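Everything below concerns the one structure shown next.
Going by the order they are written in, the chains are A, B, C, D, E and F; count residues from 1 in each one.
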Amino acid sequence: MPQPEHIHILPVPDTDELDADLQKYFRICEEKLGLVPNVLRSYSFRPQRLRKFIDSYNEIMLSDSGLTKLEREMIAVVVSSCNRCYYCLVAHGQAVRALSDDPQLGEMLVMNYRIAPLSDRHRAMLNFAWAMTEFPAKTTDADRQALLDAGFTQEDYFDICETVGFFNYTNRMAHGLDMMPNPDYHAMNR
Amino acid sequence: MPQPEHIHILPVPDTDELDADLQKYFRICEEKLGLVPNVLRSYSFRPQRLRKFIDSYNEIMLSDSGLTKLEREMIAVVVSSCNRCYYCLVAHGQAVRALSDDPQLGEMLVMNYRIAPLSDRHRAMLNFAWAMTEFPAKTTDADRQALLDAGFTQEDYFDICETVGFFNYTNRMAHGLDMMPNPDYHAMNR
Amino acid sequence: MPQPEHIHILPVPDTDELDADLQKYFRICEEKLGLVPNVLRSYSFRPQRLRKFIDSYNEIMLSDSGLTKLEREMIAVVVSSCNRCYYCLVAHGQAVRALSDDPQLGEMLVMNYRIAPLSDRHRAMLNFAWAMTEFPAKTTDADRQALLDAGFTQEDYFDICETVGFFNYTNRMAHGLDMMPNPDYHAMNR
Amino acid sequence: MPQPEHIHILPVPDTDELDADLQKYFRICEEKLGLVPNVLRSYSFRPQRLRKFIDSYNEIMLSDSGLTKLEREMIAVVVSSCNRCYYCLVAHGQAVRALSDDPQLGEMLVMNYRIAPLSDRHRAMLNFAWAMTEFPAKTTDADRQALLDAGFTQEDYFDICETVGFFNYTNRMAHGLDMMPNPDYHAMNR
Amino acid sequence: MPQPEHIHILPVPDTDELDADLQKYFRICEEKLGLVPNVLRSYSFRPQRLRKFIDSYNEIMLSDSGLTKLEREMIAVVVSSCNRCYYCLVAHGQAVRALSDDPQLGEMLVMNYRIAPLSDRHRAMLNFAWAMTEFPAKTTDADRQALLDAGFTQEDYFDICETVGFFNYTNRMAHGLDMMPNPDYHAMNR
Amino acid sequence: MPQPEHIHILPVPDTDELDADLQKYFRICEEKLGLVPNVLRSYSFRPQRLRKFIDSYNEIMLSDSGLTKLEREMIAVVVSSCNRCYYCLVAHGQAVRALSDDPQLGEMLVMNYRIAPLSDRHRAMLNFAWAMTEFPAKTTDADRQALLDAGFTQEDYFDICETVGFFNYTNRMAHGLDMMPNPDYHAMNR
């Protein structure tokens, strides 16, 4: 039985033994989010990897994009649903609930996005996210064109692909390391 | 028929219109590799994304690790074989041929790693890479333990997971953007 | 977007036009559960079918059995997770949260039961539920024996099979009729 | 090698030790069908479960419905073919042969319904039965609409869903308990 | 709807317009089997291909081998069950019934060989036939060794592989050409 | 680790102990191809099987047909890609490179034919080859018609089916016997 402190299967360094830049980053998380996401504590086992992960994450999920932050979180949840990734479903499911102010939407995307009421734009986006996750080799020009036809720009299309790809990466880190999300997410935005 | 200039399905900026840091990076590639990998030209459509990709790639594939560079390339090829990613199979298949000095090993990992003659260490590593790619949710403690039993350290284990994850990301970028590898790879190290 | 009144894709009779026995049953639900589960309102489109469904449900989920009610709900959630059934995941996920007093256990079973901390008895039970749902034809004597070895009696074994079978039935009713669960479940027992 | 008396993997009570209502029901089966189906003798291990099974079975397969009895048996066979359930294929394959007076139709539905010559109505019905059995989560409004377009009423649609669901339940009981059908079915209606 | 004369989707030459050697072969079939198997009439659309098919078939199924004719027919049925090939299941299912004098064995191999009572030798043989049909790339040395451990000689092993391969070929011919078996098989050996 | 001489897992007779006709055939191969393909040396373990294999191979791959030799090799590679057969991918991948004078085409068909630039005729042909290999039972009249609509004659259609079937056979022989291709193929036509 994982004890309360189970974060992943490898050792987790004490935060106050981390380099100053990472300690500072963790403090900022604490202030802005109310917690240090366990994924960061897990990655701190390999500090240089943590720095790159933070950079990529912030660029893909938080920087300027034609995709809203909610749309990026919706993709994160659907990819993680296809891959059945507990960590990412808990953390990004909460983000969808928070950003959409629609707790049921979060649950629908976690469990089976097909039954959610979605705009044509969002259905096209999430169908693509699922298909690219499940059988990427079967992607055809028709699949690519469907997104452009749904009104996404070329930049948006690039960003959809990268968001899909990124969570296919993080899902495998979470599965491989048996990462557990912070318990705090569960009760938020219900 | 794709014309010689087919790199991906989106516009590709002229190199001399890129920011100075990226132009410099491309020149270094040209000098060290004899070519600018098309993945970089593809990403240059979104310059800030390119910078993060270069950082992550170099950290995961080239930085210090208990995994040799050949081992990381072997993982890259097996993940890409499972996902049937043309771009990554061509580019990293060449890397396996070059680093191993064993052209048949490169072909075996591209086509069906199971028939390759492999050490127990490498078979455990590649079985894990395949399983984590195909059905990540079915990973169990027994799968995780098998790698530690095969002699990988905890740091190595972290790095195997991240390499597997990273190519699950890049494979989807290549499929999504229909990236084509530089033709130069095909004849190398045969 | 489904309007508040979306229960399933077929017409839903007004409760006060149902036969007296069904009206009475709905009143009892209201009193004991605080709501009439939408599955019952959905089935009321075919009143005689509703009567049989209630009988079967109560026998399988609520009657005397060597399986606790929580164990039966755990099976319900894992079968529904394999089949990605929104209705049953929402309704029975709440039941697991309530009966176990462990909100995270409910979420784990919804998302990926493999990562949950489970007793050997429960892991054997849920592995069987998943396997029988995903590929029933591949069940072998070894799978059957594993449950008896885990301490289940023959009666328990019968009841596990029937619970697994029953949710494979209800999941398909919910998918076929596009049943939506009562919104009340979402916030309960978080 | 299963001995002639192999009915399922659990003990089978002597019929004359069953409660009077069940003994009577078995006598009626004997008179009307010439045999007591082994599924009933199997369920008699849990007598109250047997009563509910009989009720549900008779309601779904024999009561008034816009679906003919043959149509319900066709669905039973196609679901059982997808799940490769020996018991149900033998018993309901015989029913299709008997009710259709077309032994080849029975065999086609057992082996691969796609190659059977079918009316558009029946092809739509059986395509739906297969899809709902194989990947229920992928059911979309287009799938649901296809049946209404093929001329089925809303009541028929409900009954198709329930028949599909019911055999997904019985198939798992038969697989779980390793039920063997009465040998008598094999030679009938050839 | 296929008319009674449906043999495959291409034209079928009149037997009396075939070359003398093929006419003679068909007469021998008629005398020895009581029918000309439709597969031969189907192939007669391409007479030279028919000659090679007859040669291969007779070598693999009828020539000297450490495998009995029944064992070869058992493999044929299990491969065809995995591929759900109507033609081969009907024709070779009848052969298993005839050669084994056990009609139920024929049905079990058609529907789900796993539930059949089988010797260890035959279970190993049929597990291998299924695995090599379903996921040939996943064959490992352990799978190969399991057959030698079950008492098969090296020649037997070669012949098992070739029988499995051959029906993976004929199944695709039957599916591609939509071949229908002679109706005569259905009632035989019940 | 397979030694240089690894041809398959069974004993390989010395060529000069084979019957005269087979020795002669091997000499002709040596003269015309510069090598004796290992598949022939592997089959020589069962000389009569080798004779039939040669006959079938030459009829299907080399005799008159509306399909060009390149088209037949393209089918061989795509079937072998679906089945991930190392032997056939190496040997027939080389044939595609040689016959097409397009080394990249060979690689594309080995790795993921979907990304290759293909005429409509060839895309229809290869889509069919893949579908018939992966899920033959799902072949429908629409799939069959698609090839006739793409301009293939009835004879061509027969030959496509047989080529697809044949490599589904050889792939399983190669997997079963763990055949290794002659190393010579790797460097040819790059």
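Points to keep in mind about this one:
By definition in this document, a residue touches a chain if its C-beta (ideal position, glycine included) is under 8 Å from a C-beta of that chain, and two chains touch if they have at least 3 such contacts.
Since the structure is predicted, the reported quantities are computational estimates derived from the model, not experimental observations.
If you take chain B and chain E together, the chains in touch with both are C, F. More than half of the residue-numbered contact pairs at A-B reappear in one of the options B-E, C-D or C-E, namely C-D. In terms of C-beta pairs in contact, the better-connected of the chain pairs B-C and C-D is C-D.
Each chain gets a centre from the mean of its Cα atoms; the one farthest from the centre of chain F is C.
Chain A and chain D, compared by their mean Cα positions, are separated by 44 Å.
Separating the centre of chain A from that of chain C, both taken as means of CA atoms, is a distance of 29 Å.
The residues of chain D that reach two or more other chains are 84-85, 112, 137, 139, 178, listed in rising order.
Viewed as a contact network, the protein chains fit none of the simple shapes, being neither a path, a ring, a star nor fully connected. Pairwise, the chains that make contact are A-B, A-C, A-D, A-F, B-C, B-E, B-F, C-D, C-E, D-E, D-F, E-F. Chain contact summary for the complex, chain D toward chain F: residues 112, 114. Of all the residues in chain E, the ones that touch chain B in their complex are 137-140. Per the touch definition, chain D reaches chain E in the complex via residues 1-2, 81, 84-86, 89-90, 103-104, 107-108, 110-112, 115, 117, 178, 180, 183, 186-187, 190. Taken in their complex, chain C has these residues touching chain D: 9-11, 45-46, 48-49, 52, 55-56, 59-60, 63, 83-85, 132-133, 136-137, 139, 141, 144, 154-155, 157-162, 164-166, 168-173, 175-178.
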